[in-house]
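Listed below are the structures to be examined.
Paired with subunit B in one complex and with subunit C in the other, subunit A is shared by the two complexes that follow.
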Partner chain A sequence: MSPPQRVLILSACMVLLLAGPWLLGTYQQYLLNLVLVNIIIATGLNLLTGNAGQISLCHSSFVAIGAYATTLLYANVRLPFWLALPAGGLVAAACGALLGLPAIRLAGFYLALVTIGFLEVTQILVHELASVTGGVRGMLAPRPSVAGRLLATDLSLYYPVLAVTLGMLYAARNLRYSPLGRAFDAIRNSEAAAQALGIPIARIKLAAFTIAAFYAGVGGGLYAAVVGFIDPVEFGLWASVRHIIFIVVGGLGSVTGSVLGAAIITGLPEWLRRFQEYSDFVYGGLLLAFLVFMPRGIAGALADLRRGWHRSRARVAAIGSPSQ
Partner chain B sequence: MSLALNAQLLFSGVSVGSVYALVALGLVMPFKAAGIVNFAQGELVMVGAYIALFLSVGLHLPFHLVVPITMALAAGFGIAIERAFIRPVMRAPEFTIVVATLAVGLMLKNGVRLIWQDNLYPLAVPFSTDVLALGPVRINPLLLYMDGTAIVLMALLALFFRFTRQGKAMRAVAQNPEGARLMGIRVSWVFSATWALSTAMAATAGMLLGALFGIHPEMGHVLIKAFVAAVVGGFVSLPGAVLGGVLVGVAETFSGAYVGSTFKDVVAFLLLIGVLLLRPHGLLGTPLARRV
Partner chain C sequence: MTFFAARDLTVRFGGLVALRGVDLELNQGEIWGLIGPNGAGKTSFVNAVTGVVRVVAGQVVFRGCRIDGRPPHEIARLGIGRTFQHVEIFGDQTVRTNVIVGLDRHVGYRFWSSALGLPATRRLEQQTTQEADGLLQAMGLGAYRDVLAKDLPFGILKRVDLARALAARPRLLLLDEPTSGMSEAEAEQVVETCRSLARDRGVTLLVIEHNMRVIMELADRLVVLHHGEKIAEGPPDAVQQNPRVIEAYLGTSPVRA
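And now, the complex of A and B:
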């Protein structure tokens, strides 16, 4: 793609993202906000699982921690929302580091098991600390107001959510090509080789857990603001599996993959409403099908397509156009 | 008084733990044979319980037929699952195996929900469930049956692995699949057989749990306790899995009685974290040196 083409496409996308929601109904606007929130959550998990190669079945716990922390800081401590949101993310990140301490010594299914344990303990804590979290009854999350304006409608909430999402995506993309991102790739491919190259794998893994938890926490804070209510049932093992579906369907280790997977899977229930009873069959089947037949997900398939197209174009150029 | 209470707690802890041990044995066997860690094992426990429910309520079969038929059907079901879903991802990275088995579990739960909804069904047992009094110690006879079943099954399993050709073939594959194949053992048959055994064990655990607590779609939750049991035991040791199951059961019962019911659910994870940090290869496992 030549630079002017790229600028053209990027500006077209920006116009669509900024103006598009005006044409949608309020329910679609709400859905769009959910898609953006899920993109943030998926991006965090993909850094941890897709790039650093660590299994996590408790990503939804960090979403929960972020949601509760942000809402409590905003509604009870009365921090401004633009401060409460990153603070909620930091609380989640601190919990991620706490989990990371035992987790860095483990790999594979042992890690999966410990993360399930973390998920269970988080759920028990949410239930037990009912005076703070509302327990099983859940908690109302007030609409945020930014710079003195209450973001009462889904449309007014959309722009700040979009801004945060784009910022987090940009950071994730840059992270992938930073020394830290390269180190993630190295320990995913071979911990022993990475260690032999002088990469401090324990510290890198701890960083991966912390960063992933921060993304989940920020996603959780925004989730509470978008939905207006925190329901502890939403953060069980099933939610974590859904986050894994995002990145497996979209493409492991790819920022584009996180975006595509979160967008498609968030929209899926709307198209499948008639088959709601069978939804777990659909999700389970999708997961198995992608793992077996398309392990690199949609983003991987798109990359293959593009490479094939470039190659065939190069071949045509080398032979000369057939019409001549 | 306190002594009687403690004896009672110990007994029920060992009984519940023996069910955890059955499920944990079903986790350890496919792992030893093929390196597969089955996160759908809990759902297989649940499916086994529902098979028994269907046989006894739907077909009105007598209980002494329900048990063996359930185990046989469950074994066949396990072979089918292994062939259809596990074989294609067997050589894949661990992440794929974990997620694929989770997906299988998700689909099984959905299937059961479609047929039986979210109800809690009792599983009728043909013997008296009146509480027995042994002096000051009171015992639920169901727990005795749980212990009995678990002990019989474990003894049969031990005899099977020690004395039969099939059992020896399984041990050979667990030690070295390549070598076993060269000796003329059909490795793919052994994989299916381990799955048949594990699902039959899971179904038995399902029937025992169903008789004690009732049958419902979320009863697969027992998987987490079984996992902790297997890890505590070392994950490659069958006696270790039994020991781990009993330890988890006893720890849970005592902490539930002395600390509080909330702590009952947490204590298994504390045990898990403690074992993984202090003795990662478990109580009866052997430390693994990995060649790179």
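And now, the complex of A and C:
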């Protein structure tokens, strides 16, 4: 892509992102907010699982922690929402580091079990601390405001959520192409080679768990604001599996993959409403099909397509030139 | 100050003694060959020095400090690099990224400035990429820099492994069969690279090699392991004539023609 082409495409995307929602109904606007929230959540998990290679079945717990922490800080402590949100993310990140401490000594099956344990503990705590969390009855999450104006409609909430999402995506992309992001990929590929190059494996894994939890926490805080209510049932094992489906379908290890996966899978239930009672079957089938036939997800397939296109163009150019 | 010394080094895997009381002292800028029949403990020696396997007894000293018992990444940061017998490459990354990971050690992790994409970080990334490309060019790998490592043949991956280890700028480099899977011409190029490393940059090399022609040509001195024990040490010519070495390689019973 030439630079002017890139500018053109980018500005077209911006216009679509900014003006598009005006054309949608309120329910679709609500759905769009959910898509953005899930993109943030998926991006965090993808850094941990897709890049650093650490399996986690408790990503939804960090979403829960972020949702409760943000809402409590906003509604009870009366912090401004846009301060409560990063604070909620930090609380989730601290819990992520706490989980990381034992988790960095484990791998594969044992790591999966520890994360399920963490998920259960979080669920039990939410139920037991009913005076704070509302227990099984859940908790109302008041709408945030910007500069004293309450963001009452889904459309008004859309823009700040979009800004946060774009910021988080920008940071994730930068991290991917930084020494830390390369260290993530290195330890997934070969721990032996990584440590021989001076990469402190334990510390890098801990960083991955912490960053992933921060993303989940911020996603959780926004989720509560978008939905207006925190229902603890939403943060069970099934939610964690859904987060894994996001990144497997979208593409492991790719920021674009997180975006595509979260967008498609969040929209899917709407398209599949007629098959609602078979939804577990559909999701399970999707996960299996992608793992078997398209292990690099949609983003991986797109990258292959693009590479093939460039190669065939190069071949055409080579045939056309007289020197060949 | 001792540059590198292993003293009375012992490594055990359960009941199996992989290394028994091995002594070895290297000076800066020397090229050493580490040879011995299969199962002699050559790779175990490399793993023990780099902290991957636990040293049961004895000590390892590098530039005046004890390094045995330290974690592998710290030992690497002190300036001991290695390559792998069976390549341990970052397969789904490009050749260039493989090398950049080696360079990153000198850049550091700079979390916030990376995440925010500050201009200083961008410049640093550009510098790192240029440095990586220069190194790849020098190693004759320039043509492969955008290829995913998993798509390359073994012989080229051995060179990528070497380039990546060099990117971390080691003072002591342990090479585990650097020319395996290579043609004679490619092996010759690796020998040249090793020589210029030692001569021009003062890197000390300890090379495990099965290709005797290569190692006799390359090494200033040889050390021979057999069943985990050092059985000979000295200049290549002398070691070649050593009856214990001949016995280890060929056995004792007379060979009938």
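Here, the second predicted complex is superposed on the first by the 320 of 324 C-alpha atoms of A that agree within 3 Å, B and C clash if a C-alpha of one lies under 4 Å from a C-alpha of the other, contacts with A are read in each partner's own complex, and residues count from 1 in each chain.
As a convention for this text, contacts are C-beta pairs under 8 Å (C-beta built on N, C-alpha and C of every residue); 3 or more make two chains touch, one makes a residue touch a chain.
The model shown is predicted, which means the values in this text are computed figures rather than measured ones.
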item	value
Touching partner for A:A192 - first (subunit B), second (subunit C), both, neither	both
Touching partner for A:L34 - first (subunit B), second (subunit C), both, neither	neither
Which of subunit B and subunit C A:L175 touches, first, second, both or neither	second
Contacts of A:P200 with subunit B and subunit C, given as first, second, both or neither	second
First (subunit B), second (subunit C), both or neither touched by A:A183	second
Subunit A residues touched by each partner, larger count belonging to subunit B or subunit C	B
Doubly contacted subunit A residues - partners subunit C and subunit B	190, 192-193
Subunit A to subunit C touching residues, read off their complex	170-171, 174-175, 177-183, 185-186, 189-190, 192-201, 207, 253
In the complex with subunit B, residue positions of subunit A that touch it	49, 53, 55, 102, 105-110, 112-114, 116-117, 120-121, 124, 128, 190, 192-193, 238, 241, 244, 248, 277-281, 283-285, 287-288, 291-292, 295
Sites on subunit B touched by subunit A in the complex	37, 39, 85, 88-89, 92, 94-100, 102-104, 106-107, 109-111, 113-114, 224, 227-228, 231, 262, 265-266, 268-269, 272-273, 276-277, 280, 292
Contact set on subunit C toward subunit A in their complex	50, 52, 71-73, 76-77, 81-82, 84, 88-93, 97, 100-102, 104-105, 107-111, 114-117, 121, 125, 161, 164-165, 168
